[in-house]
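Letters are used for the chains, namely A, B, C and D, taken in the order the chains are written, and counting of residues starts over at 1 for each.
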Amino acid sequence: MIIVLKPKASEADAKEILAGIERLGLTPLHMPGVERVVLGALGDERVLRELNLSGHPAVESVKPILTPYKLVGRELHPHDTVVNIGEVPVGGREFAVVAGPCAVETTDQLMACAEAVKAQGARLMRGGAFKPRSSPYSFQGHGHEGLRMLKEVSGKTGLPIVTEIMDANDIDRMEEIVGAYQVGARNMQNFSLLKALGRSRKPVILKRGLAATIEEFLLAAEYILAGGNDNVILCERGIRTFETATRNTLDLNAVAYIKQRSHLPILVDPSHGTGIRELVTPLARAAAAVGADGIIVEVHHDPKLALSDGHQSLYPQEFKQLMADIKPFVEAAGRVLA
Amino acid sequence: MIIVLKPKASEADAKEILAGIERLGLTPLHMPGVERVVLGALGDERVLRELNLSGHPAVESVKPILTPYKLVGRELHPHDTVVNIGEVPVGGREFAVVAGPCAVETTDQLMACAEAVKAQGARLMRGGAFKPRSSPYSFQGHGHEGLRMLKEVSGKTGLPIVTEIMDANDIDRMEEIVGAYQVGARNMQNFSLLKALGRSRKPVILKRGLAATIEEFLLAAEYILAGGNDNVILCERGIRTFETATRNTLDLNAVAYIKQRSHLPILVDPSHGTGIRELVTPLARAAAAVGADGIIVEVHHDPKLALSDGHQSLYPQEFKQLMADIKPFVEAAGRVLA
Amino acid sequence: MIIVLKPKASEADAKEILAGIERLGLTPLHMPGVERVVLGALGDERVLRELNLSGHPAVESVKPILTPYKLVGRELHPHDTVVNIGEVPVGGREFAVVAGPCAVETTDQLMACAEAVKAQGARLMRGGAFKPRSSPYSFQGHGHEGLRMLKEVSGKTGLPIVTEIMDANDIDRMEEIVGAYQVGARNMQNFSLLKALGRSRKPVILKRGLAATIEEFLLAAEYILAGGNDNVILCERGIRTFETATRNTLDLNAVAYIKQRSHLPILVDPSHGTGIRELVTPLARAAAAVGADGIIVEVHHDPKLALSDGHQSLYPQEFKQLMADIKPFVEAAGRVLA
Amino acid sequence: MIIVLKPKASEADAKEILAGIERLGLTPLHMPGVERVVLGALGDERVLRELNLSGHPAVESVKPILTPYKLVGRELHPHDTVVNIGEVPVGGREFAVVAGPCAVETTDQLMACAEAVKAQGARLMRGGAFKPRSSPYSFQGHGHEGLRMLKEVSGKTGLPIVTEIMDANDIDRMEEIVGAYQVGARNMQNFSLLKALGRSRKPVILKRGLAATIEEFLLAAEYILAGGNDNVILCERGIRTFETATRNTLDLNAVAYIKQRSHLPILVDPSHGTGIRELVTPLARAAAAVGADGIIVEVHHDPKLALSDGHQSLYPQEFKQLMADIKPFVEAAGRVLA
């Protein structure tokens, strides 16, 4: 860690801090410069948080050298992790496709969607029973009744279910139903929920928060791994920027960056990432090309009737076209569609 | 609501949508333009969400006319709301000052901080027992033991406590201890938590999310009011932008904007809003000038020892100076310091 | 155009505005709602700017229906435009690759780079003689001497030159040298420069500004077309967001969005879009997959010696690998590499 | 400067870089850590740009210790600079008020605005003859005819003129007319223009770019000072963020931050900073409170008729109220209104 002192910091300040570094078992370094004194600490700088150097009045800035995450990083774990949702591997040679409606509405709707996406090769189904909505007056999901429908449709079609969890208290009832929990963007830093999911052994698809840096995203995953659950799949779903023509700005830089630094699989959600039906397929192609491990796409048997996100949901016919369109890009990336 | 159709939308599409609008009891409007057909719906457009028009393939865009919030708005409730935390009014003539450490560390630390801020006129105390931290390896707060310390210090000093709640399951144990719950920026859209707090009658200080628009912020407050709890205090604490010289960008535009549209009191947090000790006082002055109802400030009896946020915590002596500095601005704004 | 009046707007206000709309030859519409009066204007709303309705004290907001650009849009010009730089077409079946160093340094350097990129199939060369740099103390480019070197190398290799123009006064001297002018991100709204380039007939590669919306980007292009120069090529090069792990956030959503709404060709710059050498190839693949018409890439014969942007410049060997890597993606997109 | 090497960097890489540092006359430092090797360079690190270390393939990141600007900083120039526009000082005890219309429209309009703002105590007048507009179809200003009107009205009222320059070629004709040049946000990094203004001796009001960091803002000012013109006044006018309720997000953090680090005066533009007439006064109050040296405000004798920015222009009566409202805040900040 590099500690830059303020111009008026005294010799005594520097000595006090260097002594603290030494006390923690790190090697202290003193670098008196022309305009600033710079201090260094060699060793596992994560122990330095005990010193809280940034609170010291003589300190101008603190620059960490090491990444703050460990378990999710490639340095200790160089090989790609494959997480199985039911029997479907995510993170290996197969390009995963999770598809289905935004929200669970009725058993018929769910069944129609499930059959439509299964027919085109999707091996995992999405659908929300609990819906986080900006307004209290918007449809909030059918809750436990929705979970029941998901279970029924999963049983009939054999598709494992990916569904959002919003409350740690629901784990008990969801554990036997879900193939994978989804943590939504708004809850990416709901640390109570992350800790609870760390105690589960079910896969967790963790969506990136709207304003989360890549580092915060990986640290949120680190919470789950540190809790004991290694089955984490990341999901880039667009970040919030000044651009309003699209709902979010899909950050494919982040996918390439994370693939180089983390062993965890990462999906891309082009539906939320764009918010516009016509852009879903081109961005799904780009996701395959940039190296993502799969996509998660909203498909509704009739988006006109959708209770939420109709604007970005694909018609079954469009989903069919998407699957055909992405195939050569998936293969160019050295992967296969199931 | 204004519904703009795509250039290639058919006559039948327009008729279908207009019929739907009429069916919901609204007045439909047909405006055939040169390049686009525009439809309108007059009446309480909030019922229109049943039509999910944005999912219709012939619809290019949907533009609401009315604000999506009701209970928090001034249209139905023109006068300022005053929320009492213990016996301290927030939102009236008195400029509220909430001060204290970022985190509860020890009873001694808490007592030292409480006495320091009380001596300078703060009538409300802050301090976190549960700490949301980006990294699982950072200090997470003392939890229930921290609550016990807060209760003890509150009892001795008479200062009501403002402390963060991260998990709805903690309400039972916190209800008798807290003067006001704080919902942190990362949980602003933790709707499970908001709904649970809607069932409490204790005041809730709701912090704006890092990437929350003003509309989303007010809708998050609407969740609590819609749940039955009118005692909501908003708090602007900085948003995330491209600027990295400061920890966040304090959005004082939002304070002035919200004061004109909502009757709820609003505080400003210049500590998180800047992240730099030296900027806290100038921004506290600006907060008073822009019309905020008070401030919430981090003060630590020795920031060098702080387990979190030391960089932005004021020394007691600096807090004393802040109180002296803001006084003429508070008075220029037609308010008083307690 | 839809004009929403403030709650307290009077009958007289509405009449005054409606009369103004009629006077301009548009069809006025009066939509009295429960909580707001809404007015409409049917016809070519672009003439409405004469009314300056947003300045009217009774007006709450003004919502345009039509896009503000015309010449760059597909509505009047549905087919893809192909712009030729020298004899190299951009926007057609061939996937364009512009490659070369960030800055012109020496004739030898330039020659080495040119030969390296030509050998791998690049048919257009980039290199800056005028360099916009944040700091006045950074290398500012060799200016007219740099142009001379570009001319020499272009003559020897036959590669047309793409180089940045920063000052309209340089057009005279650059006109015979450049294959295409590049307008950098910082000058995207340098309207004096755009107008001057509208009077040229040489192709212009217009880079998106760091904080420019898609609409502003297309309007900047509209300036050049409205000035009489149809030879405009757009270039997405990343926008500025809160994320700092990468230099910019490459917005591939924008590429897909623009391809659907504009007939102009669009390139992607994965070098500036990521700022990290290791991310250039994955994002170049994604650019091909999302439907871009080509890429513009920084290649230096020895990035260690580069006077600018070394961090994101490819070694010739890496560029060779990039060309091999993108080939199947270019072909999957129905295009060919030269 | 701190240079962090990649995990796989070799001993030879480190030696090569250390030798380069030494060759430049700096003191090299070698800090071999557990997971990374860190190098340091003590001395004036600005010379290090010759090494272009960030382009070295063994380098992971480069962290400068010193600020990249010198002339605008307080370290070498601790005392506040006062810049005189005509005979009006900006940066001293007097709180400067620049007021007037967005654009010069007619001599009558300009005269009416000038008299209105002068009557309320404004001592400087703004008004644009050259208008940067997003769309080529919007009013572009009256150009040189507008300058003539400004000269006439300035002569009659005695108010020095602040007006935007968009093209360095206009300096000759503007030099004798303007009291201060304004560089607009879109041209903040138009380095050709900045260099040309560095050769003038007239004051320059430099507006912060929409997406410019504080560091880039100060470096843009550094261009002008490095060119020989010390008469630079900064202006914070709002940055672009995800928030769309207001036109921009006024960054008052930046004002306080810059006052601590730069000796240059800084104004605040609450008109562009908010884009909403009703928010101008509260933010002007906040600007005075945070320590700004003055404000620049749009006032039009009849905003309904304004050719641009009517939505954010004050009526003369509102400007009168603003001047009364800000007075106690200006005085609380230890300043006076003229």
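We adopt the following convention: a contact is a pair of C-beta atoms (placed from the backbone, for glycine too) under 8 Å apart; a residue touches a chain by one contact, two chains touch by 3 or more.
All figures in this text were calculated on a predicted structure; none of them were measured in a lab.
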Quiz item: If you take the mean of the Cα atoms for each chain, which one ends up farthest from subunit D?
Solution: A
Quiz item: Between B-C and C-D, which chain pair is linked by more C-beta pairs in contact?
Solution: C-D
Quiz item: Using CA atom averages as chain centres, what separation in Å is found between subunit B and subunit D?
Solution: 31
Quiz prompt | Interchain centroid distance [CA atoms averaged], subunit C/subunit D, Å | solution = 26
Quiz item: Between subunit B and subunit C, what is the separation of their C-alpha centroids in Å?
Solution: 39
Exercise. Give me the residues of subunit B that touch two or more other chains.
Key: 211, 215, 240-242, 244
Quiz prompt | Contact footprint of subunit C on subunit A as seen in their complex | solution = 211, 213-215, 238-239, 241-246, 249-257, 259-260, 273-274, 276, 278-279, 282-283, 285-291, 328-329, 331-333
Quiz prompt | Footprint of subunit B on subunit A - complex, ascending | solution = 46, 49, 52, 54-57, 59, 68-69, 132-140, 166-169, 186-187, 189-192, 209-211, 215-216, 219-220, 222-223, 226-227, 240, 277, 300, 303-311, 313, 315
Self-check item: Partner subunit B, residues of subunit C touching it in the complex
Solution: 2, 4, 7, 29, 31-36, 38, 40, 42-44, 63, 65-66, 75, 211, 240-242, 244
